[in-house]
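What follows is chain A paired twice: with chain B in the first complex and chain C in the second.
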Partner chain A sequence: MATSAIIFYTISGVMILFSLLAVTSRRILRAAIYLLFALAGTAALYFMVDYQFLAAVQLIVYAGGIVVLIIFSVLLTTHINEKLEKPTWGKVFITATLALGGLVLTLFILTNHEFVLGTKPSAEATVSVIGERLLGYQAGGYVLPFEVISILLLAAMIGAIVIAKRNATKS
Partner chain B sequence: MKWLYDFSYLTHAIHKGLSERFEPGTVVILEMVMVGVAFMLLFAVLGLVLVYAERKVSAVIQQRLGPMRVGKWGTAQTLADVVKLLLKEPLINKDADRFLFNLAPFVIMIAAFMAIAALPFAKGLHAIDFDIGILYIAAVSSLGVIGILLAGWSSNNKYSLIGAMRSGAQIISYELSVALSLLTIVVLTGSLQLSVIVESQADGWWIFKGHIPAMIAFLIFLIASTAETNRGPFDLAEAESELTAGFHTEYSGLKFAFFFLAEFANMFIVAGIGATVFLGGWMPFHIGTWEGFNAVMDFIPPIVWFFGKVGFMIFLMMWFRWTFPRLRIDQLLTLEWKYLLPINLMNIVLMAFLSLMGWHF
Partner chain C sequence: MMEHVPISHVLMVTSTMFFIGAYGFLTRRNLVTMLIGVELMLNAVNINFVIFDRYLYPDQIEGHFFALFIIAIAAAEAAVAIAIFINLYRNIRSIDVEKVDNMKY
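Right after this comes the complex of A and B.
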């Protein structure tokens, strides 16, 4: 087996294992850490296919951002001895059916899809190309969605500050 | 001796030698193992040297002698400390989360290993030269905070938990300033790739070429990176008088040594990034078109330049630690969010304007 195949199967095996652990663990902080490993595995796959920008964004947004946020809220709200209560069998049954259904659907589509090897050279994804696309206003540029999203984020931040300040004056 | 000036001769020779004997796949794995072992050795040596340096620097500043007994001028003191740490009993609290407790030191070390891989040490001596260099370093250095939070929570100790929360808040806040001050220089270089950033400083370092905004950015970087590595005067997370030792209170023996080593490794990485972006990395000190002067400077090998600059940055950070009094948590957060961040944002606009008008050298 080629080295890249071995590395790919190792990473995917780790991701599957930790995704399963993340949903089955009854200690909430451990579940968050298992989730971190699964997300870092995704970043590793992006690095493997040389899509470095997306890999770094995956690390910053998910591993460094969202998981840290989850850990912070766990730290503030739960005690170390707390364990999540066991889910009822009905809930387990429904979620397992839904998850397995999704898996079967995805596998069905993947196995029936005809993958054609592209003849075009793979597009470059360097920072300069991404930057020019994001801020370009000619055809193929994404400046309008970029600006709209930044305004949305700004509004969200201001909203968060307003909510936080109102509570501070009350107490 | 030409490999001393361009390490690609050495690395290509190693690659050729391995390729003749093994399959391409095996060569890749062998080279990865070699790079990993090299960085492990580097971290071990760094730990020994920097701990000794810190004790001697603090001694000089406080008009003491520092360690003097073990070896000549106390040079074997850190080795003796390592032996002591290895022989200590690893303790784990009752009711501590054993899995996370054992995992936390490794998370911090892994983040440090991932960050150091992208540093250019000398010409051709560069583990991975990412196109997204600075973004990558910002991404992986934000992983270290997870280890600190885990250590604090899993210890089942309120001092650890408070220390971890403070550390976390501090690191997350100051990460912004570090990244933004580096972006100020990226405006001039036009690239995030660290090798390109170093090459662009062949006719002068960015701290001189970018004059006023570059100097402001350098100062902000120094302050923010000292805070990001949890060092004094920003070490309130481990303020021994109020919190015993912060997030690593419950750690002993080898696991404590990991935290200790990670602190010095992170200091080295931060100093290395600062030296690369602001002070030219391994690029010798050149002045414009002074041919003779530049030739003399080129005679000093790049690796000496790199470690010299990193040593200078580390000395500055040690000087800070032993000179300034510790900040309070509210002062710390005020400094970041009300002063450094607005100054930083205005500085980037100023730098962009300067770059647009062509007023830099």
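Right after this comes the complex of A and C.
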């Protein structure tokens, strides 16, 4: 077995383990930390397929931004020693059956489908290529989605501030 | 990695992750933990984009840009969602979904 295969199976084992812990842990803060490990494993996968820029973005935005945001909201809204109550057995059973059924169906289709692998040499995703594509307006350029998403981010930022701001008239 | 790991194995890992996220979204009753489930699902889909791009169309990098844009949208979504949770907690002192039914009637 090649080294990269061993690394890949280790990373995926870690990712699945921590995803399971993140959805079953009864302490919310721990669930957030387990999510952090699952997201870091994803970044490692991106490194393995030679998308260094994407891996860095994943680490900065997900691990550095979203997880910190989740931890802050946990600290603001729940007591630190509080344990979540267990979901009822019936609910767990029905949901697990649904999820497992979907998973089995997906795996069945995956294993029976013949994927036509690309044979061309793989393109380099260097930062200069990414920058030219993101700001390019020729065919294959992404300047319109780039601008739209910058407006979306601005709107989301203003919206978050307005929603979370303390109401001046009430207090 | 691409020579030694078949694409179906990677896709099995991501679909497992996706359904774990779906399970978490459906069983949890606290809004923050439901958000964690949604993030797991988004993340699994993101890996799928990158993996399909790298294995099936290695001469193009479109999957890379899809993943980038999805990350940006996930960040915006998480920021707005958490602002709503904080406002909700301030108003009804709880972020349990069973108690958030004031706006229903």
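FYI, the second predicted complex is superposed on the first by the 161 of 171 C-alpha atoms of A that agree within 3 Å, B and C clash if a C-alpha of one lies under 4 Å from a C-alpha of the other, contacts with A are read in each partner's own complex, and residues count from 1 in each chain.
Just so it is clear, a residue touches a chain if its C-beta (ideal position, glycine included) is under 8 Å from a C-beta of that chain, and two chains touch if they have at least 3 such contacts.
Since the structure is predicted, the reported quantities are computational estimates derived from the model, not experimental observations.
K.L.:
Given the alignment on chain A, is it a clash or a fit between chain B and chain C?
P.N.:
Aligned on chain A, chain C fits beside chain B.
K.L.:
Give one of first, second, both or neither to describe whether A:68 is in contact with chain B, with chain C, with both, or with none.
P.N.:
Touch partner of A:68: chain B, not chain C.
K.L.:
Quick check for you: in the superposed arrangement, does A:91 touch first (chain B), second (chain C), both or neither?
P.N.:
In the superposition, A:91 touches chain C alone.
K.L.:
Could you tell me if A:2 is touching chain B, chain C, both of them or neither one (first, second, both, neither)?
P.N.:
both
K.L.:
Just checking: does A:56 make contact with chain B only, chain C only, both, or neither of them? Give me first, second, both or neither.
P.N.:
Once the two structures are laid over each other on A, A:56 reaches chain B alone.
K.L.:
Looking only at contacts as defined up top, I'd like to know whether chain B or chain C touches more of chain A.
P.N.:
Chain A has more residues touched by C than by the other partner.
K.L.:
Look at A:80 in the shared chain and tell me whether it touches chain B only, chain C only, both, or neither; answer first, second, both or neither.
P.N.:
So A:80 only meets chain B here.
K.L.:
Using the touch definition from the top, say if A:27 reaches chain B (first), chain C (second), both or neither.
P.N.:
It touches chain B, and chain C stays clear.
K.L.:
Is A:44 in contact with chain B, with chain C, with both, or with neither (first, second, both, neither)?
P.N.:
neither
K.L.:
On the A-aligned overlay, A:36 touches which partner chain: chain B = first, chain C = second, or both, or neither?
P.N.:
In the superposed model, A:36 contacts chain B only, not chain C.
K.L.:
State the minimum pairwise Cα distance, in Å, between chain B and chain C in the overlaid complexes.
P.N.:
Minimum over all C-alpha pairs of chain B and chain C: 13 Å.
K.L.:
Taking the two structures together, which residues of chain A meet both chain B and chain C?
P.N.:
Shared contact residues on chain A (touching chain B in one complex, chain C in the other): 2, 53, 57, 65, 72, 74, 76.
K.L.:
Using the touch definition up top, name the residues of chain A that touch chain C in the complex.
P.N.:
Its residues touching chain C are 1-2, 4-5, 7-9, 12, 15-16, 19-20, 22-24, 28, 31-32, 35, 38-39, 42, 45-46, 48-51, 53-54, 57-58, 61-62, 65-66, 69-70, 72-74, 76-78, 84-85, 87, 91-92, 95-96, 98-100, 102-103, 106-107, 110-111, 115-118, 120-123, 125, 129-130, 133-134, 142, 145, 149, 152-153, 156-157, 159-161, 163-164, 166.
K.L.:
Okay, in this complex, where on chain C does chain A touch?
P.N.:
Per the touch definition, chain C meets chain A at residues 1-5, 7-13, 15-17, 19-24, 26-30, 32-33, 35-37, 39-40, 43, 46-47, 50-51, 54-61, 64-65, 67-69, 71-80, 82-87, 89-90, 95.
K.L.:
Please give the residue numbers of chain A that touch chain B in the complex, ascending.
P.N.:
Touch residues, chain A against chain B: 2-3, 27, 29-30, 33, 36, 52-53, 56-57, 59-60, 63-65, 67-68, 71-72, 74-76, 80-81, 126-128.
K.L.:
Could you please specify the touching residues of chain B with respect to chain A in the complex?
P.N.:
Touching chain A: residues 24-26, 28-29, 95-97, 99-100, 103, 130-132, 135-136, 138-140, 142-143, 145-146, 149-150, 152-154, 156, 161, 164-165, 168, 172, 190-192 of chain B.
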